[in-house]
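Pasting a structure below so you can have a look.
Order of writing sets the labels: A, B, C and D. Residues in every chain begin at 1.
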Amino acid sequence: MREFFDMGGYAAFVWPAYAVTLAVVLLNIFWARRALARSCAEARRRLQMQGERR
Amino acid sequence: MNWSWFHRLASPPHVYALAARLTPWFAWPAALCILAGLWGGLVLAPPDYQQGDGFRILYVHAPSAWMSLMVYVTMAVSAAVGLIWRIKVAHAVAASCAPIGASFTFAALVTGALWGQPMWGTYWEWDPRLTSELVLLFLYLGYMGLRAGIEDTQRADRASAVLAVVGVVNVPIIHYSVTWWNSLHQAPSVMRLAKPAMPLPMLVPLLLMLLGFTLFFVALLLVRLRGEVLARERAASWIREVVSA
Amino acid sequence: MPDQMLEVENLHLWRGERHVLRGARFKLARGGCLEVCGANGSGKTTLLRTLCGLIYPEEGRVLWNGENVRRDLPAFHAALAYVGHEPPLKSDLTPRENLHYWIGVRRPVGAAELSAALTRVGAQSWGERLVRTLSAGQRRRVALAALALLPVPLWLLDEPTTNLDSEGRELVGDLIRGQLERGGMVVEAVHQGLPESVRNVTRLDLAA
Amino acid sequence: MNGREGRVAEAFPAAPGAALAVVTAAAADRSAPGATALEAARLALLRDLQLAFRKRGQLVQPLAFFAMVTLLFPLAISPELSRLRELAPAVLWIGALLGSLLALEFLFRDDAYDGTLEQYALSGQSLTALMFAKTFAHWLLTGLPLALMAPLAALSLGVATTALPGILLCVAVGTVALSLIGSIGAALTLGIKRSGALLSLLTLPLSLPVLIFGARATQLAVHGASLLAPLELLGALAVLGITLAPLAAAAAVRISLE
């Protein structure tokens, strides 16, 4: 196990690289869901405005 | 030729519903492929005979680099389709691509630099591939900047589509010129190992990661696409059902 | 000359998020004049810009001689003259130079013709001054001179009488009448009616 | 008809009959063909040149900027001519790139504000040809002066006089490509407030090949070698730009008018 985390001495480079990629993947999931939620809220607001105008 | 099937397929409510339905079918296989690829790449694959365990950065760097280019091409193709046939959904796809592509280009740059330190002894080498990747990041940033600068969605769609098409014509020229420039100024870089056929235990995890990232991109795209489709529809009755649900 | 006609089918227009035109349809035949009325912001300019093919209608079609104008935009554009509510003039050129370039891009135009047009709009005394020194009404008159030099079948005019004195408004009426008598068509956006009675006018009211 | 025209003449008694003259001229013209695309492009070019010479201040700006950049490098590095000579290609090309970029903001902006672009788009002429004419005018007004000034700047950086014709040639060819690439960016950023930074973000990455080939050609010229290979590549870029850039710029202008 120790050996695995040590990555043959390259731990300082391998793990940050994986961490950055993981962060990008997770952020993308978060951003995509947030963008969808925002669009839904925006659509709801527009529908409401149209309802009021009628 | 009868195109009505196509128009039905590309109609916003249909696309919205389809995207929602398809997302899990891409998301879960993506997760599976990536996990299997990680296991294979970090545990099962033997250390490289030259680079030791350092080469394992390949399993995140190569998929990120692949994403950066593949997403750009996807973006440009759908932008061109939207521009030529005036299909709003195509513009929505292009708009969804940019932030995904930009973030993975960033990841490719960072992982490339982290790989470079042990291999070249420096974080940044003016290697043609890394340089092209950096230019690609600027192309993405320009695309997103142009989009953000134009308030009207339709005009933003069409203007940024022109930029994406111009960009995709330029990417090979830029890559060629950077390679040409690089070959003048330095000997072929250390990175360019004589690549014998990669042994199977190394290759399979890489392929799994590439596939997993691609599936992941499609899943992300489908989620973002729904939002972009909603933003482009005005006063359509189907939105009420979707939003209130 | 083939029978020319401008036709609009089921046109829907949005201005931002507002749906300003819902399914408009009309026909304009030779010698016909359409007056588009409505308050500021009611979408008059949007309609004119759609008619001349600058804006792509989200729904509906604009037909010229029975064919969608999108099929051959350059030919359609060669048959129309559009004057927006700001005359497209360069303030560092004189009215004569402005007209020379503006009209010259579309058709060959001689010096005598330019002089005649400038005289017609009363520009003989200021035709050689830089546009930056002219008043808004004078600039508008230069645009009228351009119209006089463009006897194309279709005129699209956005508020042609803005900033004009009564004499100038009279001139607009004369130009329009001349165009209609020649068998041309006019679409004009106004917030009140035409300066004087021009016959054969259809009105299209845009709700605010 | 006559009565009506008479009334116009009455309204403008200074020129009786003038109105009639206009109408007859117009009637005669109805069957006459319109201006050719070439004539239209020539007029668009002349118009931009005439306007530029009415406002000479803007003409000098890119040149002054270029001269400033050339002055900054020796101050920032060292007055040693041998070192400056090595850096001359970089100095010249970064100066030319930024100088050309500086003037790009004005390429379409005034025409967009005053409605000229709208008239061009509605003229029935090929908008691509008109865009090409405007871009060519831009090159004549910035690229060509920069190319003419580049040998002077090179001289001040210790480059031998034998290298100067080559430098002039490659800057002239390179700036053609730069103007064309820039015209796309300028057309795309129409209607955006404070578009300067965005314009450079769009244009500079696309200009990299020009920078690379141009700087290499200049370097070869400085060393007295044959600069044919990079010059040919530069020419290829310019030709590619001539065929494609006006098309993209015209599309972008139409989009900005929507």
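Just so we're on the same page, a contact is a pair of C-beta atoms (placed from the backbone, for glycine too) under 8 Å apart; a residue touches a chain by one contact, two chains touch by 3 or more.
This one's a predicted model, so the numbers in the text were calculated from it and none came from an experiment.
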| item | value |
| --- | --- |
| Chain whose Cα centroid lies nearest the overall Cα centroid | D |
| Most extensive contact between chains (C-beta pair count) | C-D |
| Remotest chain, chain B as reference, centres from CA atoms | C |
| CA centroid of chain A to CA centroid of chain B, Å | 15 |
| Distance from chain D to chain A - Cα centre to Cα centre, in angstrom | 43 |
| Whole-Å gap between the CA centroids of chain B and chain D | 35 |
| Whole-Å gap between the CA centroids of chain B and chain C | 48 |
| Residues of chain C touching at least two other chains | 17, 56 |
| Residue list for chain D, restricted to those that touch at least two other chains | 258 |
| Multi-partner residues of chain A (at least 2 other chains) | 46 |
| Interchain contacts (touch definition) - all pairs | A-B, B-C, B-D, C-D |
| For the chain B and chain C complex, residues of the former touching the latter | 86, 152, 234-235 |
| Parts of chain B lying in touch with chain A, wherever the complex brings them together | 42-43, 47, 52-54, 56-57, 60-61, 63-64, 99-100, 103-104, 106-107, 110-111, 114-115, 117-118, 216, 220, 223-224, 226-228, 230-231, 233-235, 239-240, 242-244 |
| Touch list for chain C against partner chain B, complex | 14, 16-17, 19, 56 |
| Touching residues (chain side chain D, partner chain C) in the complex | 1, 4-5, 7-8, 11-12, 14-15, 18-19, 21-23, 25-27, 29-30, 32-35, 39-40, 43-44, 46-47, 50-51, 54-55, 110, 114-116, 118-126, 130, 254, 257-258 |
| Of chain D, residues touching chain B in the complex | 184, 188-189, 191-192, 195, 198, 201-202, 204-206, 208-209, 212-213, 216, 233, 237, 240, 244, 248, 251-252, 255-256, 258 |
